[in-house]
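Look for chain A in each of the two complexes below; its partner is chain B in the first and chain C in the second.
After this line comes the complex of A and B, so read on.
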């Protein structure tokens, strides 16, 4: 049984940044990157299933992104798995989640994967679309916002909990093959060992383009997207009144404010 | 005639309040888009929701009877797809809810529609739809357009659009959805752990801690401070996920909304969308964080850029 885990290298804005000349995104010089937190939990869920069931479960991380995105794959491989896949071509630039899902689905088919574990959302743009779109591309069952997974390898269905609003959960049965979108808190992601990090560098990362997966230029990038960025805008800044001064002064003023507000309740 | 379709949601027989906000958004838009507003409800007992959905400005309420009592992604997707095929709305609105996350992106893929999620502003310019949503952890907003799509589906951020109070007199009809293979099956609901005497939804004064407290051993210091100040202790998601505080103290989308809170002190909480969903309505938010760029400052009334441990220690001396 093979589990494909698509991960995203999310962008974090520098304190000061500039937009690109076309105004549709941030200039890449002002971005730092890290593995999406949700995907760390998704990869951990796959690692734990493999530990539970042994080699009958194969787990493969993948990403869609330029060479720098390999860092996220190495982070996964440092904890387990034997190989990874990275898909990139310049025509994939500015793809929306629908395009990313199309690419992931093609990889899932090529790998003959039985399950896809995706993060519920990503910390940069918070789309929460990709995983469930992958399910539609593959015509598989899906369950979103999964907080517990119970799988027996090769069973025709699995049992998962979905985390609903307000702390309520729903236990459901899902037919396989399926896409699960994994929620924070489902497990405790491990840290890679130094030995693991060293070994990861020797593990192969296969690099593919969209055409290797049978996709045309018109299927990807802006042309294949279901939304198009018109422009990025700076939101109106909130007007928090900043309490300045030394820590002693700040705390004293804060105490006054609290006492005054508390009196009104 | 052009139409805007709202797909309303229910859970366990209760209409989800976010559905009413979607109706508010649709009615706000109908004049600029010169369209009718259709509201559809998918439920085993769909007809029971008709009167709640019959609001001023709604032209038609459509009931779609579900074969199952609980949300089921395949059915919702197929029913929505079939209704959109029948009515050809240019715009479809659904709440940005957990259930919507479970089928709306699949609906857009299968139906070949434009899509955007977590949208908080919608407008038309020269007849073109423009949706605004956040990007880069809320630090920027992106305006999206959807050229070449006859239908676009948007999931709408909660607490953004006004609910209509006035009732109306829409046409009511039933729509028969196609039978589909239901690939998931509801087993049971698992209720959240109760907090006994602690109910943060009732608390008027809250002090919440987040990732900034760094270690479990530091929780005690803030618990004592909250106690001395007469505040109820709350937390953001990572604190509950780590088991440092029980889940019933968690504020946010997957935790609780602090509905009665008057004063909310956020210490070491950067302010994710999910956390802010549970507290941004509070009139007096005080944020303490070392990062001057933290999103929480954009919704706070008072901000303190400082180390939370230093502030906590000093604050103690004022509330002994």
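After this line comes the complex of A and C, so read on.
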């Protein structure tokens, strides 16, 4: 049984940042990158299943992203797994989640994966689309916001719990093959040891382009996307005021503000 | 990043007499244990602050004459040419960074015990020092007054020759000028006693003479305790102080104002346990209302917002700082660069001060382990040598020692994994900072947390693993680190083992429901009954802190102690108010006792000095004095056992026992630091972390390499042109 775990190298904003000249994204100079937190939990879920069931389960992390995104694959490989896949070509730039899902689905087919564990969402863009779109592309069963997984290898079904409103959980059975999107808190992701990190560097990362997966330029990037970012904006912030003066003056100003907020004079 | 315009006011130059202070950051006089005897230490410690942006830096108090000799404590001295030469090292080093350099001319009167010089001190009246109770002074006649004022003038000239820009007449902390001003000391009936004008005369004349001698070249400062906090028995800000400022204003180029006296100078250097930032402002703020000269003041100012506000609101012109400058010599520069989050904020523990109180070993700082190590170990507080190898590190334990070690290793460029089972960096600090009044001690953890998180961004292979499972010996062996550093801390003894008997106390067992360790009190894991007895054999804060916490929570607390109460807090200046608080809260303290045995709800105590004052040989197995016959049972609902600590070093000993497996696991070394090495002050644990991280390339980094010593050199006379050979006057 093979589990494919697509992970994303997400952008983290500096405290102060500026937008790109075209206004469609944040200037990369103000970004730092790290493995998406949800994907860390997804990878841990895969690692734990492998620990439970041994070699009958193979787990493979993959990402769609440039060379630098390998850091996130190394982070996964530092904890387990024997190899990883990275898909990239410059024409993949600015792809929407549907395109990314198309690429992941192609990898899943190529790998003959039985399961895909994705994160419920990515902390940078927050679409919550990629995982479920992979299921749609593959025409597989899916379960989103999964908080517990039970698998017996070779069974035709898996049991999962899903988080609902108000602390409620739903326990469902899903037909395999399936895509799960994993929720935070499903487990406690482990830390890699130094040995694990050193060994990860020796593990192979296969690099593919969209054409290796049978996709055309027109299937990916802006051309293949059905949505696009027009611009990013920063909403105006609330105003703060430093109240100065004597205690009496300060109290008077404070009273004014309270009145104003309550809709008085 | 750029400086926040709100802080621009802190960077405005200000003239003081013939000099210009380039900004509003000013290191007031404070001791470090260097004096004039360790010129390298003195020069390096002060110039690192000049490099860090302080516009003015001072010596510690500086004796003007052998008649004011503070031995057993360590002051600077400006007695002769030898001292001029040694202090020149400091002025040169400070001037290289464009800062002003000051001396604080000190004459102690009775407060100076003169144990080295064996001189007899002089004072306004004859009194026994309340600070140094063995010493009396001679009441000065008019010749004496003239002579002692001459000492100030001569010392001021030497200060000028040594290159100092600012010359102080030191009248805070109850030293000589204030002794004349204050009716607490001055009982004279001549022209130097009685009315304020008379009591002010000595000080003003001295200022006038010093100004006449060096005032064209040097700025004249005076340090003035504007309120001695004993109401009208001494000086009060609105009674004598403001008038004095008016009278002396013409002779002073800058006023340095604070409160308090020397016997309780923790009212000035207020520990965070009792005082917040700016605690002296209610007194200091009056001075600017009457003086035409710049006014500077202290108050553990660490926050640029507060500093700017104090200046903007006209309370002070210049921010004086002692402890904040020790904790972070680069505080001004960090504000200038808009890096306030990088400031190592003083935690107000006063461990720096404890060293002076003890008598002058090199000053140490809990936050800044490089303080005092600038010269002798060559440690710069902000710069580190590049990594000397590709070694990777596992540091187990993220308390003061481990987090500091990881930080410095990462600053050096090493890959480090810092692992702790707690969810937070800080180790024992996390619970200690929950004790009443100790919240600011958490800044120690906060600084390291912020820095480690920044460093992690620079080295993606490094890792801070919090909330991790406790590592076993096998885990460490297999971890894949080249070097393993164990910083697993210490725990309070569970069986009463203590410093007096070096054995457990029969019957004490904190695994039973009614006996508790401090950790159990802090984590709330056990119910605590109404009547609490704290058995104490620890010299520091744990017993009084727990007593306060429990009494305030409604328990009835008694402390039974064999080693005094908070003895070390005398050195950190926390003792006077701690004792007042114990009284006010109604906590009973039973002193000079120890425990012979304990049961679930009672303990048997005996006087440490019971019977048997006569000693005689009585043969083997026999005590050479009469055995104590006095025992008392004391009842309690809960017993808190503060008798001593022991290292948590099982991981280290476990790894050491399997040394033969290190090579196979590519482990080059395993080291032990902090409380896990031996329980110690937080400052010393932090030092351990910094020290091993800087010396990790040594063949044996466990043990420190020798530091540079500054001691007298046989064959070189101190005074230029003097002799060194043994010679008798016969």
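One rule holds in what follows: the second predicted complex is superposed on the first by the 237 of 265 C-alpha atoms of A that agree within 3 Å, B and C clash if a C-alpha of one lies under 4 Å from a C-alpha of the other, contacts with A are read in each partner's own complex, and residues count from 1 in each chain.
Going forward, a contact is a pair of C-beta atoms (placed from the backbone, for glycine too) under 8 Å apart; a residue touches a chain by one contact, two chains touch by 3 or more.
A quick note: this is a predicted structure, and the numbers were derived from the prediction, not measured.
Of the two partner chains, chain C is the only one that A:71 touches; chain B does not reach it. Once chain A of one complex is fitted onto chain A of the other, the partner contacts of A:94 are absent, as it touches neither chain B nor chain C.
Counting the residues of chain A touched by each of chain B and chain C gives the higher count for B. Within the superposed three-chain model, A:58 lies out of touch with both chain B and chain C [touch as defined at top]. Applying the stated contact rule after C-alpha superposition, one finds that A:192 touches chain C and leaves chain B untouched.
When the two complexes are overlaid on their common chain A, residue A:173 makes contact with chain B while staying clear of chain C. Judged by the touch definition given at the top, the superposed model places A:212 against neither chain B nor chain C. In the three-chain superposition model, chain A touches both chain B and chain C at residues 188. Within the complex, the chain C residues that touch chain A are 392, 394, 415, 417, 419, 457, 460-461, 463, 465, 467-468, 475, 478-481.
Of all residues in chain A, only 32, 71, 188, 191-199 touch chain C in the complex they form.
Chain A makes touch with chain B in their complex at residues 11-13, 15, 26, 97-98, 101, 120, 123-133, 135-137, 141-145, 159, 161-175, 178, 181, 183-185, 188, 226-235, 237-238, 240-243, 247-248, 250-252, 254-255, 257-259, 261-262, 264-265. Considering their complex, residues 11, 70-71, 73-74, 77, 97-99, 101-110, 113-118, 130-147, 149, 183-193, 204-205, 229-230, 237-238, 240-242, 247-248, 250, 253-257, 262-263, 265, 272-273, 284, 286-288, 293, 297-307, 310-311, 314-315, 317-319 of chain B touch chain A.
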